[in-house]
Each structure stands twice: as structure tokens, then as C-alpha cells.
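Step one of this worksheet: look at the structure below.
The letters A, B and C name the chains in turn, as written, and every chain counts its residues from 1.
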Amino acid sequence: MNRLLSFSAVLLYAFLHLPLLVLAAFSFNQGRLTVWQGFSLRWYEAAFHDGQLIEAALNSLVIAFAATALATAIGTLCAYGLWKHGSRTFTLSLSLSLVTPEIVMGISLLALFQWAFRFLGAHLGLHTVILAHVSFCVAFVVIVVLARLRTFDAALEEAALDLGATHFAAFYRVTLPNLVPGILSAALLAFTISFDDYVITSLVAGVDSETLPMVLYAIARRGANPVVNAISTIIVFGLGALILVSERLRKP
Amino acid sequence: MNRLRTLCLAPAALLLLALFAAPMAILAVYTLLTRGVYGGVAQPFTFENWLRLFDPLYLGILARSFSVAAAATALCLVLGFPLALFISRAGPRKHLYLALVMLPFWTSLLVRTYAWMFLLRDTGLINTSLLALGLIRQPLPLLYNWWAVLLGLVYGYLPFMVLPLYSTLERLDPALSEAAADLGARPFETLRRVVIPLAAPGMRAGVLLVFIPCLGAYLTPDLLGGGKTILIGTLVQNQFTNARDWPFGAALSMGLMAIVLVLLWLQVRRQGQSLL
Amino acid sequence: MDPLLQLISLSKHYPGHVALADLTLDVRPGEFFSLLGPSGCGKTTTLRLVAGFDKPTAGDVRLRGHSLNGLAPYQRNVSTVFQSYALFPHLTVRQNIEFGLRYRPAADGPALVRQCLDMLELGAKQDRQPHQLSGGEKQRVALARSLVLQPDLLLLDEPLSALDPNLRKQVRGELRALQRRVGITFLFITHDKEEALSLSDRVALLHRGRLEQLGSPHDLYLKPDTRFAASFLGPVNWIDGFGLRPEATRLSSVPLPDLRSLPATVASSTFLGNCFHVEARTANGHQVVAEVSRLNGAFQPGQPVHVCWAPADEMHLPPA
């Protein structure tokens, strides 16, 4: 039975990781076809000389940084508030936003922006994408920071109050320093989720705010392309590293 | 103290209201309007969009989405359970093994889906290898069909099943399995009569976490199914882009949300808590 | 009489740590046998090797003369009462008790279940879930679940430690009576010397993975082989190379006839309700504690006394 479990685990890990590893290996292929023709960096070179890709990648970075900063700040405060005193309505709403299908969330945001722009005379662009990303990243930040807070001894904050600190000082000087790893972990997670999103982004992005996933998606729909292999490999290893750091930080 | 808490919760509350509740409310209103000439919405109010949901054509798509999501969920459960059990029994290595499951999951759904396109298409690695080995003469039609969509969904959401299963199995007192063996039960009997019944809460959470995103999936069916596999997600997207029928798209979205809400409510009622 | 259980040079090594070293002992049929020792002494390791949860590094476990090596827990006719009881939380009391009968069918299964329910007074609780039971009831369900299978040997892993102290003494008496009644051999694991002494026919004292001493409770307490055994089983006054239990140590203002004695001075006296603990320092520098009956009157600090004892109560032990 234990041998059977280990055997099935090996197969499942292969199922989870082999497709990405094979893709990464072939991104270094000299040829265009899926036949190994020798090692080469030409597809990476091609990717870095593609103006559209570079611009899209920069857009993605700007969006991810901005959305991460906002979502982390809002989510951390929210987690702290919920830790002080839970709210069923609040947690239920956050849970609901987590399980709302992306396509529905994207379309509802599109409808909101279109409706609001009739009065404001604004257009879709980076700012709408950032707002959308903040809205779906916040719930993840709350989950991670709240989990960290639950391992934090509330008596420490009470001790600070007892020693004369104000509520704000107790939070700022006692609770917050203990939360830093959890907050960083949440921020890294928010960053990867934001950087990778396609469905919602494609709906609320304007003509001048194409992101990297949008460009990749468009190329991928036309069929496989070695340049996409190269960029995918960069994304997998880049975001993978962020996630590993995030996991590390989450362990109390 | 209460003022501090209110201050902390205010930004998130504002965000939820403005970017979650308000958009949903607008969509809800749109379901009752008529499609505009150039897209968008127009007067008069009508219930027609809701009635159209019950058109056999759309009921068929709904049924198909349900079966694909159910099949993907069932496969995730069958594959995820042994994996979660393995990890929960891995001793000091279990954190590493769990991270190995979650790592590709958090990285990039788009890239992971693309990786399967790279493997499955006519000139993909599988077909070229089989052709080179002389096992087939024509490339197998592996991509752009239901099987590819199912594979992509299982690949995409398997970690959502493993995570809650692992956390229930990990909390299970090892003495319970030992007690079953001690009373004469062989390993599979212990699994059937003790471990699986006690892992039921984790299974319910996992089923919910996999089924809901599969039901509303858009990216995976679109990329791996090509244009041939219309599911609810694709249908919704179509109404807002090609078909330019916002009111009907809104009705479809609200219908989907209703299903999600019912499933979430069942889970909350049963488990006594939400996912957070 | 042939032994029921034989442990032969049983050893269990973990990387960098020896949990059990070369343990050899026999358990006789029908015996209430205790493995006693401080935590980490190897007693739980021994139980897990007998039950089959772990495999020994070396040595053999024999039941009725047959080696159990290589047999899984479900292939051994021994049963365990776990420290945490390990009741299946999703099954009722009755279903817990019936669990094992599916795998070890008995012709009179239903009758056995009824008998166990009656014997352990669980009849009224048979449809409850484990979380609805008190600690004592949980323990009785765990016992019933094992006894219904009529094992050759019942292993009990500190079964009283999860009970609150007031209940513990009462359950202790019930456990001994139950063992006499069913006649099944009990291998009882405990770190509590009082439990081991009051319940057992014989006790094996383990220390750092080794057998320190094996004998009747009487022998263990009164004729310990080692200083560790003497100290583990109760307080000892060490005087001039031998040990003396406080209750065998008497204080008197004059030397008592037929007893050995040493002049001493009272250092302190503590009232404990049923007696006094009087600390005295002998003229040759030993610190001595005597258990003095309330009826013998009070001793004041600084009072000169004689520490007296019967030569038969001296415990002569090799130095540690």
C-alpha cells in the first residue's frame, strides 16, 4: 500500500512538472520544430528584441507593482481589523469574491467602467487594469496575513498597551514588525497573481495597455511559437522563485 | 478601539463595494434591459434575457459545462487523494512535497495551459515523437477537443483538491489508523472505513474549490478546446465581444453566479464556516 | 508454565539514538504485567514492537512460542488500548466495539458485544458518538473494543493518564478487577510507580532502553537492585552506603532498643495532614527525612533526636 502510494505520487509529480520542464528544455532548441537541433539562445534573443513584447512586459510590471502595493496595504489593514474582531459578512464577501468566476468578474468590471466613463469621459487603460487587479488580489492578501496573525499572540499587543503604548503605537511597534514576513509573502503572491492574469485583464485593458499575458495569449491561439516557449520559461522560473520565497516567509 | 478597527476595514469595504458589489449590481440591472444597436444596453425593461437562459441550446451548453466540470472534479479527487495521503505521511519532508504541488499552480495558468498546447498539437512533442518512432503515420488529433479541455482543467486545478485534502489528512490522529490495523483491518480496509470517512470535510472543500472554477473556466477551454468546445465561460465572453448582446451576457453571468452562490451556501451551511 | 509472550534480545535503534537495547523478558499467561519507567525509557517502543506498529532492529517477539516478526498489526492476536484511546470519531460506541469483529469473526459475535457492553456498563451509551462521552467512558469503550476480540494479550498504553486525578484511582481498581474477571494477560505501560505497584503481578522497570529490574511490586520497592530502581520507586535516605525508606526511618529522643541509631538534629518539620515530614541532619552529616505519625507528637527545629531503624530495612546497593 505504501509502495503503491509512492508510485502514484511519482507519476503525479511527473504529470505536474514534466510539461513545464519539457517546455523549458525546448525553449533552448536551435530549431523551430519540436525536434532537438542543438542548444541555442536565439529565441530569448528574439524575445528581447521584440518591441511589442518588451512594451507588454513593462506594462505588466507596472500593473503588478501598483496593484501589489495597493492590495497589500488594503488587505493587511483588513486582515488586522478582522483579527481584532471577526465579521461574518466580511469574510463571506471575500470568500465570494474568491470563487467568482474570472470571466464574470471581468465582465462586471467592464460594465462598471463603461457605465462610469459615460459621466467621467475617461477611457480604459492601465488604471482600470490596476483597479481590477487590486480587487481580486486583496482577498489573497487577507488570507495570508490573517493566517500569520492567527499564530501571533494577542497578549503581546496587550502587553504593549499595558506598558503605556497607544493602540496605534502597539500596532506599529509590536504587531506590524511581527507581521512583516507574512505581509511580504502576501505581496509576492499578489504580484504573481497580478502578473499572470489574462481573463480579467483582457476585458478591462485599453488599446494602449496590452499586458504580457495578452500578447502571449494572442500568439498562443495562433499555435505554438518558440518565442512564447522562451518567455514562458522566464515567467515560470521568475514567478516560481517569487513563490518559493513567499512560501519560505509564510512559515512562522 | 472600535474606531481603529473601522478605519482598518474601511478601505477594503470600500473596495468590495465599488469593485465587487457595484459591478454585480450593474450586471443585475443589465439582465433586465434590451441590447443596444451598437452593443451596450438600452430600454425597455424586459424579462426576455432570463427566459432565453432556458432555451434548449443554452441549457445544453450548461449541461455540458456541468458534465465537464464534474468529470474534471471527479478526476481531481481520484488523483488528488493518493497524492494528499502520500504527502501527509511523508514525515519531515511533507512541506517540501506540498510546495512541489503548489509551485506550478501559483506560477502561471497561462503558461501551464500553453505547455500542454506545445505537447499536444499536431506538430507537438507527442505527435512528432510517435511519428519518429514509426508508431503512427498521421498525427493524432490530441488538441482542440473535449479530452484536451478535461486534461487542462485537471492539470490546472488539481492543487486546489490536494490542498484541503492534505490539511484534513494531516490533522488526522495517526493512532486512528494504527487502531484500525490493531483491530484487524488491512490497509485498504483502514482507508475505506476510517481514513476516507474522516477526510470527508476536506473532500467537500476540494470538490467545491475545483468544481466552481471549472464550471466558469474560460482560458483553458478556449486555448485547449479551440473554437469547438463552447462552455458557459466562453458563451459569456462571446456575448460581450462578438455577439454584442450585453443583457443576455449579463443574464448568463448572473445565472452562473447563482449556481456558485448555492454551492458556496451549501458548503458554509455544512461546514459552519467560509473558505477564509 | 510456558510463557505467553517472550521478548528475546529485542532492540530498536533510530539514527543517533537507541530506544531499546537488548530487552529480554517473559510474560506469563493471565498475568498483569507492567512496564514501568520514566519517559524515554523504551516502554512505549516496546509496546509498539509487540503490537507491530514498528519493526525491531534486532531480536524477536514470540507469542505462544511463535515469532511475530514480519507480521503486520492486523495479523497479530494482540490488541491495544491507546493512550488517547483513538476511538473512531465517525462511529458510535457500538460501531466502535463491533469494528474488529468484521476481521476476526467470532461465532458468538453479537453475544460478545452485548457482554462487553454490560461488563463495562456501556449499554446506555451504545448509540453515542465518542465526543459525547466522558473521559472514563471513552476509556471503557477503548477497552471494550479490544476485549470483544478476545486477544491473547491486551496492551495498555498509559490508559489512565488522560483521566483526571480523582477518577484515576477509582478506574485503577476497576481495571484490576476487570483483568481478573476476563483472565486476559495485560501488558500495562506506565510511568506512574503507584499504578504499577498497585496493579501488577510483576513489574519490569526500564531505564534508558534497558531492563533495570524485573520482579514483584514488593521486591521492586523493598529489594531494589540499583540506586536508580530504589529512587524511582520512592524517596530514599542515603546513610553510610545503604538506603532507608522514610517510612522505615524513626525519630526518637532516646535510642530505641533492638534498632540501630544515629544522633541527629531536627532541621524542619512539615505538616502533611496524615503525618509529618521531619528533616533531620545526623551528626556525621547525612540529610534524613522521616515520616512521623501525628500521634508521635511534634518535633521542633534544633531539637536533638536519634534516627533509628531496623537492620532488615537497610537497602544495600552497589554505588551508581
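In this text, a residue touches a chain if its C-beta (ideal position, glycine included) is under 8 Å from a C-beta of that chain, and two chains touch if they have at least 3 such contacts.
From a predicted model like this one, the values you see are computed outputs, not experimental measurements.
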item	value
Top chain pair, ranked by number of contacting C-beta pairs	A-B
Per Cα centroids, the chain farthest from chain A	C
Approximate Å spacing (C-alpha centroids) for the pair chain B, chain C	55
Rounded Å distance, chain A centre to chain B centre (Cα mean)	17
Residue numbers of chain C (touch at least two other chains)	none
Residue ranges of chain B touching chain A (in the complex, touch as defined)	1, 4-9, 11-13, 15-16, 19-24, 26-27, 30, 40, 79, 82-83, 85-87, 89, 95, 97, 99-104, 106-112, 114-119, 121, 123-125, 128, 132, 155, 158, 187-188, 191, 208-209, 212-213, 215-219, 222-223, 233, 236-237, 240, 246, 249-250, 253, 256-257, 260-261, 264, 268, 274-276
Contact set on chain A toward chain B in their complex	1-2, 4-6, 8-9, 12-13, 15-17, 19-20, 22-23, 26, 33-35, 73-75, 77-78, 80-82, 84-85, 87-88, 90-105, 107-112, 114-115, 131-132, 134-135, 138-139, 142-143, 146, 167-168, 171, 189, 192-193, 196, 198-199, 203, 213, 216-217, 220-221, 223-224, 228-229, 232, 235-236, 239-240, 243-244, 247, 251
Chain C contact footprint on chain B (complex, rising order)	173, 175-176, 178-186, 189, 193-194, 197-198
Footprint of chain B on chain C - complex, ascending	51-53, 72-74, 78-80, 82-84, 86-90, 99-100, 102-104, 145-146, 149
